[in-house]
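I've put the structures underneath this note.
Look at the two complexes coming up: subunit A is in both, with subunit B in one and subunit C in the other.
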Partner chain A sequence: MYHPTVARLTYRGLLGRRRALILFALPALLLAISVAVRLLTGADDQTAANVLGGFALATMVPLIGVIAGTGAIGPEIDDGSVVYLLSKPVKRTSIILTKLTVAAGVSVAFSAVPTLIAGFLLNGNSRQIAVAYAVAAAVASVAYSAIFLLLGTVTRHAVVASLVYALVWESLFGSLIPGARTLSVQQWALSLAQRIAGEGAVDAEVGLPLALTLLVAVTVAATAFAAHKLRSLTLGGEE
Partner chain B sequence: MPPETRTTAASGRQQGAAPDVIHNIGYRTYDGPRLGRGYARRSLYAQSLRGAYGLGRSAKSKVMPMILFGVMCLPAAIVVAVAVSTKMNKLPMEYTRYAIWLQLVIGLYLAAQAPQSVSRDLRFRTVPLYFSRPIERVDYVVAKFAAMASALFVLTATPLLILYVGALLAKMDFAVQTKGFAYGLASVTLLSLFYAGIGLVVAALTPRRGFGVAAVIAVLTIPYGAVSTIQNIALASDNIRAVEWLGLFSPITLIDGVQTAFLSATSAFPDGHGPGTGAGTVYLLVVLALIAGSYGLLMRRYRKAGL
Partner chain C sequence: MSTIRIDNVSRWFGNVVAVNDVSMTVGPGVTGLLGPNGAGKSTLINMMGGFLAPSAGTVTLDGETIWRNEGIYRHIGIVPEREAMYDFLTGRDFVRANAELHGLGDREAQRALATVEMEYAQDRRIDTYSKGMRQRVKMASALVHEPSVLLLDEPFNGMDPRQRMQLMDLLRTMGAEGRTVLFSSHILEEVEQLAAHIEVVVAGRHAASGDFRKIRRLMTDRPHRYVVRSGDDRALAAALIADPSTSGIEVDVREGVLRVEAADFGRFTELLPRVARAHGIRLLTVSPSDESLESVFSYLVTA
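This part shows the complex of A and B:
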C-alpha cells in the first residue's frame, strides 16, 4: 500500500522550491519566540502553555497541515500532471495512502518535533507540558493532513477551503460559539494533551474517549473519501 | 483602392522561373481613434477590480468573494438590528474596531483574490501581452495595486456604511456618528492600501496559485499569532512598553496602532495598551514605508516578468 516512487515525488514536491521556506520558517519562529520568552520571563508553566497552545497548536500546526496536506496533491491536480501518475499501474488507494503518509510525516516532523523542543526550552518539560503538546501536535497533524488531502482532491480551491476551516471555524467560531469547539481537531488533540499533562495544565473542551473516536473516525473517513474521489477524478480546464 | 501588382526581379539563380510577386490585396492601416495609454490603464483597473469579485469570470469564481463579502457585512447588519431593536443611544461597536475584529475574513479575501489578480498572468506568461499594448510597467503595477486596494476598500467600507446608515436611522447623535464613520473610513483606506501591497507582493513572488494563497495568509496570520502571544506574556510580566512596541511586527497590529494613536480608536492590544502619539508616529511611518516598499518591490518584480 506504500509506493516508494510516489512517496519520493511527493517529498520532492513538498520540500523542493519555496514551499519549504514556510515549512522551515514557522518552526524557526516558534523556537525563536520560545527562547525570547524564556529569557524575558524565565520558566513558567502557564506561559509555556500559552505559547504552545496559543501559537504552536492554534496557528502553526493548522498552517503546516494546510501546506503539507493540500501541497501533497493539490498542485498536481491543478496543473494536470496527475494524469501521468494516474496512468501508471498503481492503485489509486495506495497513491492516496502514500501521499497521506508523506504529508503526515512532513507535518509531524515540522510541527510536533519543534513543539517538543520549544516545550523543553520554555520550561524544561515541567508537568509534562512539552510532551503533552508535542503529542497533541502530532495527532492533530495526522488528522489535518487527512482532512486537507481530501479537500485537495475535492476542490480546486483546496487551500482557501482548508484555511477557512482552520482559521474561521476553529479560531473565530471556536472562540465565539462554544458548540463549534466540539467539532474541532484542535480541541480533540487538546483533550489528549490534557490527559498526558499534569493536573490543570491544559484545558480541553471534549472528553478523551469522544475525542479519540472522532479523531480516528475523521482521519479514516477523510482518507477513504479521498481515495474514492481520486478513483473518479475528472480533470477540468483552467477557469 | 484598386489592387495593384508590383513585380520584383527574379533571383539570379532561377533564370526562367516565374518572377516572385507581392500582390497588394488592399490591406489598409487602422486610422480610427486610438484610445491610448490612459484608456488601457483604466480598462486594466476596471477588469482587475471586477475580477476581484468574480464579475466577468465563471460562476465558480464568484462564490468565494461573494461569500466573504456577505460574511463581512452580516455582523454589521446584526449589530444594527440589535442596536435599533433595543433602542441603544450608541452603536455597541466602534467603526474602527470592525475591520480588526473581522481581520480573518479580510485576510482570507486577500489570500483568495491577490493570487488570482497577478499570479495567473505570470503563470500563463500573459504579462508580455499586456506590455504589447501602449501601457508601461508602471501602469500595470499601479492599475493592479489600485484595483486590489479598491476591492479591499469595498469589502471593508461597506459594513461601515451599513453601521452608519443604521445608526442614523436609529436617530443616534449625527455629529458623533459622522466623526466615527470618517475615522473608520480613514482607517480602512490605510488598511486597504497596506494589505493590497502585501498581498500583491507575496502573490507576485509565488506564481503557483495554491502556494500563493497559503503564503499570503501565512504572512498575515503568523506574525499576528506570534505578536499577540508575546504581547500577552509581556503583559503578564507587567512590561507595558513592550506591549506597545511589539505591535510593530504584524500587519493588523500596525493598523491597530495607527488608529489608536491618531483616530481615537480603542486598541485591541491586550488590556488596551495601544501606542501613544509618539509611538503612533513610528507605526504610521512603518505602514507608509511598507506601502511604498511593496510598490517598489512590485515594480522590480515586473522588470523582467514573463520575458
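This part shows the complex of A and C:
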C-alpha cells in the first residue's frame, strides 16, 4: 500500500517549495521562545505547559499540518502534474496512503520533535510534560495531515479552508463555545497528553476513550474519502 | 491492437455542452482529432484518457470502461497539453519515476529517453527545458511502458519545425507498428502531414470522419471568398469573371473593394496575378475573407 516512487515525488515536492520555509521557521521560533523563556523565568512546569500547549500544540502543529497535508497533493492537482501519477496502474488508495505517510512523517518531524526538544529546554521534561506534549503533537500531526490531505484533494482553496479550520474552528470557536472543543483535534491530543503527564499538569476537555476513538475515526474517514475523491478526480474542465 | 469506442457521448459543464452526442471509433494507426479551439477536443481526449466522466454515453477501450479504471493505464500512454510536470526533477528522474509507477525500471526509462532523443539533456532539471524539450520528455514518460494506445493533446504546440518533424516521424512509426495513436490539433496542415484518418469536431459535435483526402477535398472545393483592392476594380472584375474559376464577383462601391468568390481555389490563385499583369492593373491587397478555421469547419458541418 506504500509506493516508494509516490513517496519520493511527494516529499521532494513538499520540501522543494518555498512554503517549506515555514516548516523550518515555526520550529525555530518555538525553540527560540523556549530558550528565551527558560533564561528569563527559569524552569517552571506551568510556564512550560503554557508554551507547549499555547504555541506548539495550538498554533505550530496545525500550521505545519496545513503545509504538509495540503502540500502533499494540492499543488499537483492545481498545476495538473498529478496526471502523471494518475495515468498509472497504481491503486488510488495506495497513492493517498503514501501521501498521508509522507505528510504525517514531515509533520511529526517538524512539530513533534521540536516540541520534545522545546519541552526539555523549558523544564527538562519535569512531570513528563515534554514527552506528553510531544506525543500529543505527533498524534495531532497524523490527524491534521489526514484532514488537510483530504481538503487538498477536494478543493483548490485547500490552504485557506485548512487555515479557517485550524485557526477559526480550533482556536476561536474552541475557546468560545465549549461544545466545539469536543470536536477539536487539539483537545483529543491534549487528552492523551493529560494521561502521560504528571497529575494536574495538562488540562483536557475530552475523555481519553472518546478522544482516541474520534482521532482514529477522523483519520480513517478522511483518508478513505480522499482516496474516493482521487478515484474520480476530473481534469480539464476548462473548455 | 486496441480500439477506443466512443458511443453517444455527451459531456456538459453546468449549462455548457462541451461534447454533444459524439460516436466514433479510433483504431490502430494514426488518427487526427481536428477542430477549432474550444470545439471539445480536450474534453474528448480527457474522457478517452479516463480523466473525465461522460455525462451520457460510454467510452471504452477494447470493451473495458475507461473511467475509474486504473488498470487501463497499462495500455494507455497520455501526453497532456498542460505544461506542469514536476519541474524540480531532472528529465531522467522524471521518466524513471514514470517507469517505476508502471512497475518498470531504469532500462525502460533510458530506452524511452533515447526514443525521443533527450539523453543529452536528461540530467538537467525540467524547469530549464524549452517547450519542445518538455514535450519530448512528456512523450518519453508516455512511451515508457510501450502502450498500445497513445493519446496526445495538441502535441505540436510550441515545437520548432525540426522537433515537429521528429515527433511526426515517431508517431508515424508507432502507427505503422499497429499502435492506436490519437492526437488533437487545430492546425489543418499538421493533421494533413501525419494522419490518414481524421475525426473533425466543431462546437462539440462530430462534424466529419474518415479519409483525410476526402475531407480535405470538401474543404478546398468549397467556394473561397477574397477581398481584392486594385488600381481598377471594374476592369479586373470583368477580366476575372471571364474565367470559369471565378463563380461570382461584386463591385462594392461603398467600401471600394472587389468581393470575389472562387470556385476553383488552385486555378484562381494563379489566375488573379496573371490577369492583373496582362491588363496592367495594380493589385493593392488580396485577402481571403473566410480563411479562418472556424469558417472552414462550419462549411464542413453544413456540407
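By definition in this document, the second predicted complex is superposed on the first by the 235 of 239 C-alpha atoms of A that agree within 3 Å, B and C clash if a C-alpha of one lies under 4 Å from a C-alpha of the other, contacts with A are read in each partner's own complex, and residues count from 1 in each chain.
In this text, a contact is a pair of C-beta atoms (placed from the backbone, for glycine too) under 8 Å apart; a residue touches a chain by one contact, two chains touch by 3 or more.
Just so it is clear, the model here is predicted, and its values are computed rather than measured.
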Legend entry - Which superposed partner A:Arg231 touches (first subunit B, second subunit C, both, neither): second
Legend entry - subunit B versus subunit C as contact partner of A:Ser81, first or second or both or neither: second
Inset, instruction - Check the residue A:Val113 against both partner chains and state whether it touches subunit B (first), subunit C (second), both, or neither. - result: neither
Inset, instruction - Look at A:Val164 in the shared chain and tell me whether it touches subunit B only, subunit C only, both, or neither; answer first, second, both or neither. - result: first
Inset, instruction - May I ask you to name which of subunit B and subunit C touches more residues of subunit A? - result: B
Inset, instruction - Pick one for A:Leu212: touches subunit B only (first), subunit C only (second), both, or neither. - result: neither
Inset, instruction - Go through the superposed model and pick first if A:Thr47 touches only subunit B, second if only subunit C, both, or neither. - result: first
Inset, instruction - Please write out, lowest number first, the residues of subunit A touched by both subunit B and subunit C across the two complexes. - result: 238-239
Legend entry - Of all residues in subunit B, those that touch subunit A in their complex: 57-58, 60-61, 64, 104-105, 107-108, 111-112, 124, 206, 208-211, 213-215, 217-218, 221-222, 225-226, 228-230, 232-234, 236-237, 239
Legend entry - subunit C to subunit A touching residues, read off their complex: 13, 18, 38, 40, 42-43, 45-46, 49-53, 68, 70-74, 76-78, 80, 82, 84-86, 88-89, 94, 97-98, 100-103, 141
Legend entry - Residues of subunit A touching subunit C in the complex: 3-6, 8-9, 12-13, 16, 79-81, 83-92, 231-239
Legend entry - Touch list for subunit A against partner subunit B, complex: 18-19, 22, 26, 29, 33, 36-37, 40-41, 46-47, 50-51, 54-55, 58-60, 63, 66-67, 70-71, 74-75, 78, 157-160, 163-164, 167-168, 171-172, 238-239
